[in-house]
Each structure stands twice: as structure tokens, then as C-alpha cells.
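Structure incoming, see below.
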Amino acid sequence: MASRLDAFRAYREQMNEKILASDHLGIKRFFNLDTMAYKDGAHPGKTKELLGLVASAVLRCNDCIDYHLIQCVDAGFSDDELYDALNVGLVVGGSIVIPHLRHAYETIEVLRQEQAKG
Amino acid sequence: MASRLDAFRAYREQMNEKILASDHLGIKRFFNLDTMAYKDGAHPGKTKELLGLVASAVLRCNDCIDYHLIQCVDAGFSDDELYDALNVGLVVGGSIVIPHLRHAYETIEVLRQEQAKG
Amino acid sequence: MASRLDAFRAYREQMNEKILASDHLGIKRFFNLDTMAYKDGAHPGKTKELLGLVASAVLRCNDCIDYHLIQCVDAGFSDDELYDALNVGLVVGGSIVIPHLRHAYETIEVLRQEQAKG
Amino acid sequence: MASRLDAFRAYREQMNEKILASDHLGIKRFFNLDTMAYKDGAHPGKTKELLGLVASAVLRCNDCIDYHLIQCVDAGFSDDELYDALNVGLVVGGSIVIPHLRHAYETIEVLRQEQAKG
Amino acid sequence: MASRLDAFRAYREQMNEKILASDHLGIKRFFNLDTMAYKDGAHPGKTKELLGLVASAVLRCNDCIDYHLIQCVDAGFSDDELYDALNVGLVVGGSIVIPHLRHAYETIEVLRQEQAKG
Amino acid sequence: MASRLDAFRAYREQMNEKILASDHLGIKRFFNLDTMAYKDGAHPGKTKELLGLVASAVLRCNDCIDYHLIQCVDAGFSDDELYDALNVGLVVGGSIVIPHLRHAYETIEVLRQEQAKG
């Protein structure tokens, strides 16, 4: 199960490098802007990762959910805080979000196992 | 301009009453669940209103944006905090969100005028 | 209130004529295919109008909701049957559907007033 | 091929259990509401499974399509009835639905093989 | 009818100014990136306006459709070229795009009237 | 890596045959209409494949992206032209498009390898 997240991390890093190497100025700036959006600002970065998680849930993108869950767990959110945020995504986005809720729960489980291993 | 929000509030209240009066158990329970999702839980209600705002922005629903902005202003968020949350919605959702960003800025302006009047 | 639906019907008819007059073969065929999809087939047209209604609700298109509600009322569905179908749309699509549920309830009300007048 | 559906059923059941065990009241109630929406009401449950199928098709969620196809086949719909409902989804949702139509056809094929085996 | 587009242009300009004046660095950069995406690059800007139009059509945003139609007419596309591009949007996005097709045809009509007046 | 595209081509062809063999007149006509939309018209087919690519990117459908990339590479677009079109999709659709951008870059790489092999 841990391999799913590891594969995602490796693929994401490898393809991001290729995308940035393709040297399209607009795309490179977009990637910068995306990173910048989750830095401390009027809200701490931690809060904005949670916003990114719920946005990813209602837009139903598993890769985006995984990315923001990694950041959210790293930022110190508890399981109950993650579930409570995902519940907002579920109510706003409806039952069509449920398959992504399953995915999110599985990812959280893997991330906690990784933490336990240190 | 204030009339746009007042009209929204009046229409929303009137139609919600009619919907609940139609006595469909599933719909009534959904409305309860929706209300409950923004009550204090693992996160304070205030944080979850912000999650609802960003979810509404990326799903591009002006009425939902207005509703959550009313709640967010009521909960005490500053303009800069609202803009910083909306920026997450803009980056996640792209330029297709911009018309709704315009709408959101206008709504914030109206809400501050209402506050100024007391 | 009746004027909202009348305006929709007039605008829809007028613009559809202009679209068909623009003589793009692909667009004309699409319009035929769209009409054909709701004719009696393996399911009666009546059932398929209900499918069109729920599809329109979860995709959150008020004009499409109005069009299919007109057809559904014409086909003889009761209010409770319309509400029960819309509830499926609400559960599948989430609270982001609620503004369109308000719109749908208002449209149903107008359509019943039109029926009462004969 | 049958293994795809079996894997889906097993994963769905396992993760639903974990989600319900996480004990978030809002999420649990949402799951109840979701189940309730397809019970006999103003429409028989069978009709509402078909509504769920088309909603899933236009929202382009393969897991949701599979779930509702399982229910629809169980409820006794013929292949032609399923295709005719999916056609409404195709016309409403456009060619972007086609990959999900392929998925749906494959699922129907597997479900009929399961029926043949008894 | 011309007033609809004039009102859109005025509102768009006024709110964009307010948004940029709110001085959120991320939002300002996003607006720059958005402008930059339609400048001559590997494709001429004219081609990219057409891409923006079809993207706006399938995402069903009338304001975005209007904005790109203004640019497309300015760039010299004929009516038939606009219809042929919109047809791609219709086939990809399905009948749910039709209300936006009506809107687009009306906008094209207004833009041609503006051109005729000089 | 080439196997991903080969598997997609084989599955697509096999399922399209089954769909057309199921003999639903509406579905068959939709498939024709879909093919027709990318034939030379007011725009050359090549331009319309690019429109299809960007529409697929903002609607976030990997299979549709792959299909249009195959056509686009076949029609002679350079990598820089594909990246510049995808950038429009990224700006319009936001960071939620990024996982599909990764997928698209990988597909382009595979297609160039296939070309190199002849």
C-alpha cells in the first residue's frame, strides 16, 4: 500500500522535472504561482493546505488529494481534523465525492504508517 | 448594490421554506447535514466556512460564494484573509474562476458597507 | 414569475432558430440527436425526461433544468415525483446543487400555476 | 475481467467500513442519506438507480457508474434499457463521456457473465 | 442588446481594477499569466484565443465566452470559423453546452452590429 | 511506457466496436458526429484537433487527451506547439489540470519514441 504513495511521489517529481525542462515560460510561472499560493500569507500555509485539500476533493482529483494530504499530515493535522475537512468536501460535492473519500482515507492510513516507521 | 445581497437573502429564505415545506424526508435531512457541516467540530466553524468558500469558488457557484462570504465576514475574517483564501481557489480552479472572483470582491464590498452602516 | 419561463421559452426558440439558420451541419445534427434522445425507445420518453432532469441538476444548468421540468410536467409527473428525482440529484451532486434546487422548485410552482390557468 | 468488479466490490466494502469506523457523525449521516435516496419513494428504487447511473455518467465517475450498474442489473434492467439510459448521458454530457461509456459497456458485459454463471 | 456586452466590459474593467488594487501578489501574478497565455508564442495569439473560446464553452462560463469572442472577432475570425470552433465545444461538452451556444450566437450578433457601426 | 498507449489503442478499438455493435441508433450517430467534428471545415482538421486537446485538458480526461495527442502528433504539431496549447488549458483550468499535464507530457514522449522507431 505504501508503494502507491511512493510511486506517486516518484512519478510526480520526475514529470515535474520534465515539464519544467520543456522551458515554457507560462508553465514555469504557473508552477511557481502554485507553490507560492500555499506559503504563509494572510493565512498560515497550514490552513491553505487544508483549503487545497477540500478544493481537490470537490473537484475529484485523487493525485491532488494525495499531494495535499501529504502536506497536511506534514503540517500536523490530526486524523479527525482531516476527516472533518473532508466532510465539508463531501457535503458540498455530494456522493460523487465518495470514491475520492475512500482514496483519501487509504492515503491517510499509509501516511500514518510511514510516520510510525519514522 | 446592497440590494443584490438583500434580494439573495430574501429569495434564499423564501425558497428554503418552500423546499422544506414540500416535506421530502431526504431533502430535509440533506439541509440539516449541510448546516451541521459548518458547526464547530474538529475544526472551528469559522475555519469550515473558509473551506466552504474555496469549495464554492472552484465549483464556480455565485450563490454559494455569497452565502459563505456572508458567514465568513460574520465570523470576523479580514479582507486580506478572504482574498488569500480566494487566491487558493483561483490557482486551483484557473482563470475560469475569475468571473466569480469579481463577484466575490463585489460581495465583500457590499458586506463591508453593511458593517459600516451597522 | 410566469414571465421568467415565458422569457426563457421565447429566447430559446428565437436563438435555436438562429443557430439552425447558421447552417453548420454538425450543430444541426447535434440538435436532432438531442431531440431524438428523449423519444420513446427502450425507455418511454417520459422516463428519459426524468433522466435529463437529474443530469441537468447535477451539472447545475438552470436553463436545462427548466427545459426538462417543462417536459416532465407535460408528461404528467407529480410534484412528489419531481422532488424525489431532484433529491437523487441533490445527494449525488451535493449542496452546490441547492441553488438549482431553489430554481427548480420555483419553476415547478410556475408550471403548476400555468396548468391551473389552463 | 470479472476480477475488476470483484476488486471494486471488495475495496468499496473495506473502505466504507473504515470510513464509518472513523466515527464522523456528518459522514455517517451522509452515507445513510445516500442509501436512503435509492429506496422506494415517489419513484420505485429501480427508477432511481437509473437516475443515479445517468448522473454518474455525466459526472464521469467510473466507480459510481459501476456501483449503479450493479444495482441496475440486479433490479432487472435489460442491456437495451441500460444503453438507452447511457445514451441520454452521452448526449447531455458529450464526447468526454465516451471513455466512461466504454467502461460501462465492459462492466455490463462482466455483470451478464456473472449472471450466466449464476 | 449591445448594452449587455457594454455592461460586461464596464463591469469587468471596474472589478479587475479593484482586484488588482487589493494588492494580493498571487492574484496579480495570475492575472499577468492569464494575459500572457494569449500572446504570440509557439502559436499565434489568434489561435490561442480560439482555444480559450472552446475551453470556455466546455467549462460553460458565459463571461469567459464573451471575453474570448470579443478577442476572436477582433482577431478577424469569420462567423463560420467561430461556429465551427463552437461545434467542437458542443460535441465535446454535450447538450449542456447548448444554453451557452445560444449565448455565444447572440454575442457574435452584437459584435457584428458593433463592427457595422464602426 | 509505449505499452500504455498501445493498451489504450487496443482497448479503445475493441470497446468502440462493441458499442457500435450494440446497435443503439443515437449512440451510433453520436460517434459519427464526433468523428465529423474534427474533419476539415471552416477550420482545417488539424486546428480542431488542437481545440479537442485543450477541451480535453480543461475537462481533465486522460483518455481524451491521449486520443487528441495522437491525432495532433500525426497532424504534425511540434512539441512546443503542444506545450503552448496545453498552457492555455493550464491557465484556464488551474492547478487541478497539472496531473493531466504530467500525463500529456508522458504521452508526447511516447509518441515521439514511436516516431523515432518509424
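Per-chain numbering from 1; labels A, B, C, D, E and F assigned in written order.
In the analysis below, a residue touches a chain if its C-beta (ideal position, glycine included) is under 8 Å from a C-beta of that chain, and two chains touch if they have at least 3 such contacts.
Model, not experiment: these values are computed from the prediction.
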Partner chains shared by chain A and chain D (touch criterion as defined above): B, C, E, F
Most distant chain from chain C, judged by the mean position of its C-alpha atoms: A
Chain of greatest Cα-centre distance to chain E: D
Angle, in degrees to the nearest 5, of the Cα rotation that carries chain A onto chain F: 120
Type of chain B:chain C copy interface by residue overlap (half), same or different: different
Contact-richer chain pair [A-E vs E-F]: E-F
Distance between the centres, which are taken as Cα means, of chain B and chain A, whole angstrom: 24
Whole-Å separation of chain centres (CA-atom averages), chain B against chain D: 32
Distance between the centres, which are taken as Cα means, of chain F and chain D, whole angstrom: 27
Distance from chain F to chain B - Cα centre to Cα centre, in angstrom: 37
Residue numbers of chain E (touch at least two other chains): 26, 30, 33-34, 37, 41, 55-56, 58-59, 64, 80, 83-84, 87, 90-93, 95-96
Category of the chain touch graph - line, ring, star, complete, other: complete
Residues of chain B touching chain D in the complex: 25-26, 29-30, 33, 36-37, 41
Residue ranges of chain F touching chain B (in the complex, touch as defined): 58, 90-97
Chain B partner contacts - residues on chain E that touch it in the complex: 11-12, 15-16, 18-19, 22, 24, 26-27, 30, 34, 55-56, 59, 61, 63-64
Residues of chain D that touch chain F when the two form their complex: 60, 79-80, 83-84, 86-87, 90-91, 95-96, 98-99, 101-102, 105-106, 109
Contact footprint of chain E on chain F as seen in their complex: 33-34, 37-38, 41-43, 47-48, 50-52, 54-59, 64, 78, 80-81, 83-85, 87-89, 91-93
